[in-house]
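One chain, subunit A, links the two complexes that follow: it is found with subunit B in the first and with subunit C in the second.
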Partner chain A sequence: MSETGTVARIKIWQSNVRGADWYYRLRQRPGLQIVFVLLAVVLIAAVFAPVISPQDPAAQDLYGKNQWMSADHWFGTDYLGRDLFSRVVCGLQTSMAIAVTTIVITFVIGTAIGSYAGYKGGWVDNVIARVIDVFLAFPSIILALALVTLLGSGILNMIFMLSIVQWASFARLMRGQVLAEKNAEYVLSARAAGLPGWWILLKHLMPNCIMPVVVLATMDLGHTILTISTLSFLGLGLPPSIPEWGSMINAGLDSMRTAPLNVIVPGLAITTVTLLFNLAGEGVRDITDPGTDAEGSL
Partner chain B sequence: MHHYLIKRTAYLILTLVIASMFTFVVVNATPGEPAEVLARHLYIGLEEVAPPELIAEVSERYDLNKPLLQQYLEWVGGILHGDLGHSILFNKPVDRLLMLHLPPTILLTAVAMSFATIAGLVLGIYSALHQNKISDHIIRVGTIFSVSMPGFWVAVMLILVFSIWLGLTPVSGYSGPQYIILPAIALGLHTMASIIRIMRTSMLETMDKPFVTFAKAKGLPMRRVICSHACKNAFLPVLTVIGMSFGALLAGSVVIETIFSWPGIGAMLMKAISARDLVLIESTIMVIVFMFLIVNFVIDLLYHVIDPRITYE
Partner chain C sequence: MQPLLSAECLSKNYGHGDIFRDVSFTVDAGETIGLFGMSGSGKSTLGRCLIGLERLSDGRVLFEGAEVSKLSERRLRELRPAMQMLFQHPEMSMDPRMRLCDSVAEPLAYHEGRERSDVFSDLLPLIAAVGLRPDQFSCYPNQLSGGEIQRAMMVKIYSLSPKLIIADEPTSMLDMSVQAQILGLMKNLQKKNNTACVFISHDPQVMLAMCDRIGVLGEKTFRVMNAGEFAGYAADLSV
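And then the complex of A and B:
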């Protein structure tokens, strides 16, 4: 018993050291710090979007439509004279709300199912692995399209649909992590000490398996934002009354010749936010997993 | 090897069966509503409200009121006999529609994939060989930007710049080789970026291996070392990416085809979804999933051909 205690303590000690380690590596990378600061700015902007947007995103001004950038309208106006900057900020709120909720849900569900399957093994694992395979057999947009037919449009439906599309990749990654770790000595000794399975899973395996899943979650936030905008570009998933970047681009297609800002601005917004999430995900991977080739990243 | 092949095929079939059930349930789970949308689409207008008698008649005529299990078994039974069902929207058998629309999609996907592979390999190798030089940095920034841009926006931007501002390429349509350039680039850009990244990493790893050092020490010209020793060995991870990207390309084609009015199954699927033509939706999705699974199956087997050291369990 005391031996297990020691092993567990050593493990905790190691994980603390590892924690200190990635704090140290983060401090070594000013580029990554900037990415995190920018992400924080984006998140705050998303939360306070109604306060930040200088004008009512729905206020039309048919005399001042399709304007170029000016002091009044920083990003110009759209085909109905609505302020593009305000609409982009509100679109940020829509995208972030959906993406963050989706990722939290898929993270919890995927990690739970994946770690359970991996730890349990046997036929339970086999069945769950098959189910994961089926979900991954659908290219994500195709599955989303099938689900749109079923669910119709709306923010909650969108979150539900994206969660169904994405949980499998989390579950697969977590299952693999647990499978790789579950015969490690610290797990075996915890089992020999008679600790209950859920305890071992939560307290011993989880801290050692979770980091790659966190990286996946960060990158998937960007990916989810792309999927949301793609679906609403196709006119699916969200009702037209909600400002969203994809549907803004779609609406701007007709006046693209005379007012290119209608399609350029929302696209740049999508790209910027996705880029930040991708850079942050890669950064987190590099600082938490020194094994991978980290050269050259931020 | 034989054992592996049998097991892999069994898994493939099992996955297809479960996927077909899943697709069917997902697409069909709204009773009544498809008949309503369909009735509006076929007979009256999208804005109007369909009278209940009409809805009842439509669901009677197109078997929408039969029990789900019966509908499913009839659909799967039909597929096994080579009959993919009848599209209500186009009033044609689904297999005829697929025959008509599959070739353009395959053409577009193939061109996009070739573009992504060739450009990706060249840029990836170049980037690895010029590690940490300016050109390497430019390529790396370019790749991370291109994975962050949504495909449909790339398509719109390409149209804006090359078709509208410069007038170099046609905006949309399908009647000559110049029509495929923009859709293929828009579709293949993400895949190209992934191939660049994986090829660069793999190439850097390979260049450090003893056999490359040996080839250099032997006095082989650098070209030979890179082309016939390093590249061949660095290629394997790229194959995985190609297999995985195939699904992404098929899925991306739905969006890209819609933007460029490309007459493929993607654009057809979008029309089917807006009209709730359930049979057409299900069958098209199953065809896409089937192609995706087969490609990955073949690639799995190709590993062994390319690298005989890999054995299957």
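And then the complex of A and C:
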């Protein structure tokens, strides 16, 4: 290690800001920095999609359908002559809005139920754990299909259904974390000091148990986007009027041989965003866990 | 005079057999009683049962005449500051994601409804008494040594003015010189505050240095000895 590196390390070690630890580990990982930057670009693109998309994603131009990439249409046009770049960017907004809302809902519900069960123990924990098992026993895509058939398509229904499918994995992880941590000496010490259960749960157990759940949430964002696309591909997700990647691939299948961009562009978009979230999830785990080494990680 | 703590016929089992059985003893105010036993004899479990952190299978513990296991959750929480515990692994006994100043001031701040910074400034004399500097309390536990955290732990415990401290092998993870310092410190603080102590250890030397009477947890037996008797017993053990 260079001398300046050593000095920097000692300085960080001496500083009492806990954040310095993860900042140091992030600085060791240039690959991860790139992932975070790309993810930031994706998020910004999702928020400002209507501003960024050069053309109206719904505007048809039947004379200019199935075009290859050009200055006018960066990613070409689809089978109705709509600008693929604009459609992909607007599809990103749709997917991200649904995925983020779903993850926020499942994160809150899952951690609340899981940590309560883990801390409370006894029959309460037993009942909740069995309910979690039941939800996890269903294959998620089948459960989602059943719910869509029951509820019909639409953004709100999609969020509701994805939340029902996913909360259990958050609850299970959080429950396990709390179970492992609740007999730690600092928790016993807090109990011995006469602090009430809710206080111990919120101020001590949650902060010490939450990190793996945050990692799961980051990875699950990618997973959720994939599920949304899968359902839309099967024609069960969103109405065709809303640009969405899965339904774009589905619609492009007919002309796949003559106009492959119809399928390739949304397909690559799904792959890229899912990959970015997976890498970011692993990255968050690496930089928040002092035990991991820079070797072998991004 | 009523003893501070009396344990009557305590037993605990985990379903696959007894951890300990028929344990009875009393602790008077200001007195130090030792709990001696080999690894796995149930010393730590007994310690936790005494202050209601774990449930007993049988028997009862009276603290100032009140039966600990019969108290309502609320009443027990009110009583808890009077019975404190010092743990075996200093590095685990403070919340790793809290600065020490927050950890140390938290219980008193909660019970008295005050700001932590306010409470912390009241603790400065106690911090000086255990031989730490206030600036060390802006650290996280992983930035300090075991001995330093154990001292900080004593600040936390004594801030609640306990009447009884359960010390569960508080020095077993520390090296000899630090061990002596911590034990000395414990004795001083105990004397000054007239605190009773149940001292759990597997080290006969430490027992003899700290305790007035010693309860020996054998296999399914429990016997309280005075220091002289215990010295003989320990000598037999080491042969």
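By our rule, the second predicted complex is superposed on the first by the 273 of 298 C-alpha atoms of A that agree within 3 Å, B and C clash if a C-alpha of one lies under 4 Å from a C-alpha of the other, contacts with A are read in each partner's own complex, and residues count from 1 in each chain.
Everything that follows uses one rule, which is that a contact is a pair of C-beta atoms (placed from the backbone, for glycine too) under 8 Å apart; a residue touches a chain by one contact, two chains touch by 3 or more.
As the structure is a computational prediction, the values presented were derived from the model and not from experiment.
Three-chain overlay on subunit A, with subunit B and subunit C fitting side by side and no clash. Contacts of A:G154 after superposition on the shared chain: neither subunit B nor subunit C is touched.
Looking at the shared chain after the overlay, A:F138 reaches subunit B, while subunit C stays out of its contact range. Shared-chain residue A:G176: touches no atom of subunit B or subunit C. In the superposition on chain A, A:A184 contacts subunit C only, with no contact to subunit B.
Of the two partner chains placed around the shared chain by superposition, subunit C is the only one that A:A193 touches, whereas subunit B remains out of contact. Looking at the superposed arrangement, the partner reaching more residues of subunit A, out of subunit B and subunit C, is B.
In the superposition on chain A, contact is made by A:T271 with subunit B only, not with subunit C. Between subunit B and subunit C, the smallest C-alpha to C-alpha distance in the superposed model amounts to 12 Å. Overlap of the subunit B and subunit C interfaces on subunit A comprises no residues. Within the complex formed with subunit B, the residues of subunit A that make contact are 130-131, 133-134, 137-142, 145-150, 222, 226, 229-230, 233-234, 236, 246, 249, 253, 256-257, 260, 263-264, 267, 270-272, 274-275, 278-279, 293, 295-296.
Put simply, subunit C touches subunit A in their complex at residues 48, 51, 53, 77-81, 83-85, 87-89, 92-99, 103, 106-107, 110-111, 138-140, 143, 153, 156, 160.
On subunit B, the positions that touch subunit A within their shared complex are 11, 14-15, 18-19, 22-23, 26-27, 29-30, 132, 136-137, 140, 144-145, 147-153, 156-157, 159-160, 164, 201, 204-205, 247-248, 250-252, 254-255, 258, 269-270, 273, 276, 278, 281, 285, 288-289, 292-293.
Looking at the complex, you find that subunit A touches subunit C at residues 16, 18, 184-186, 188-196, 199, 203-204, 207-208.
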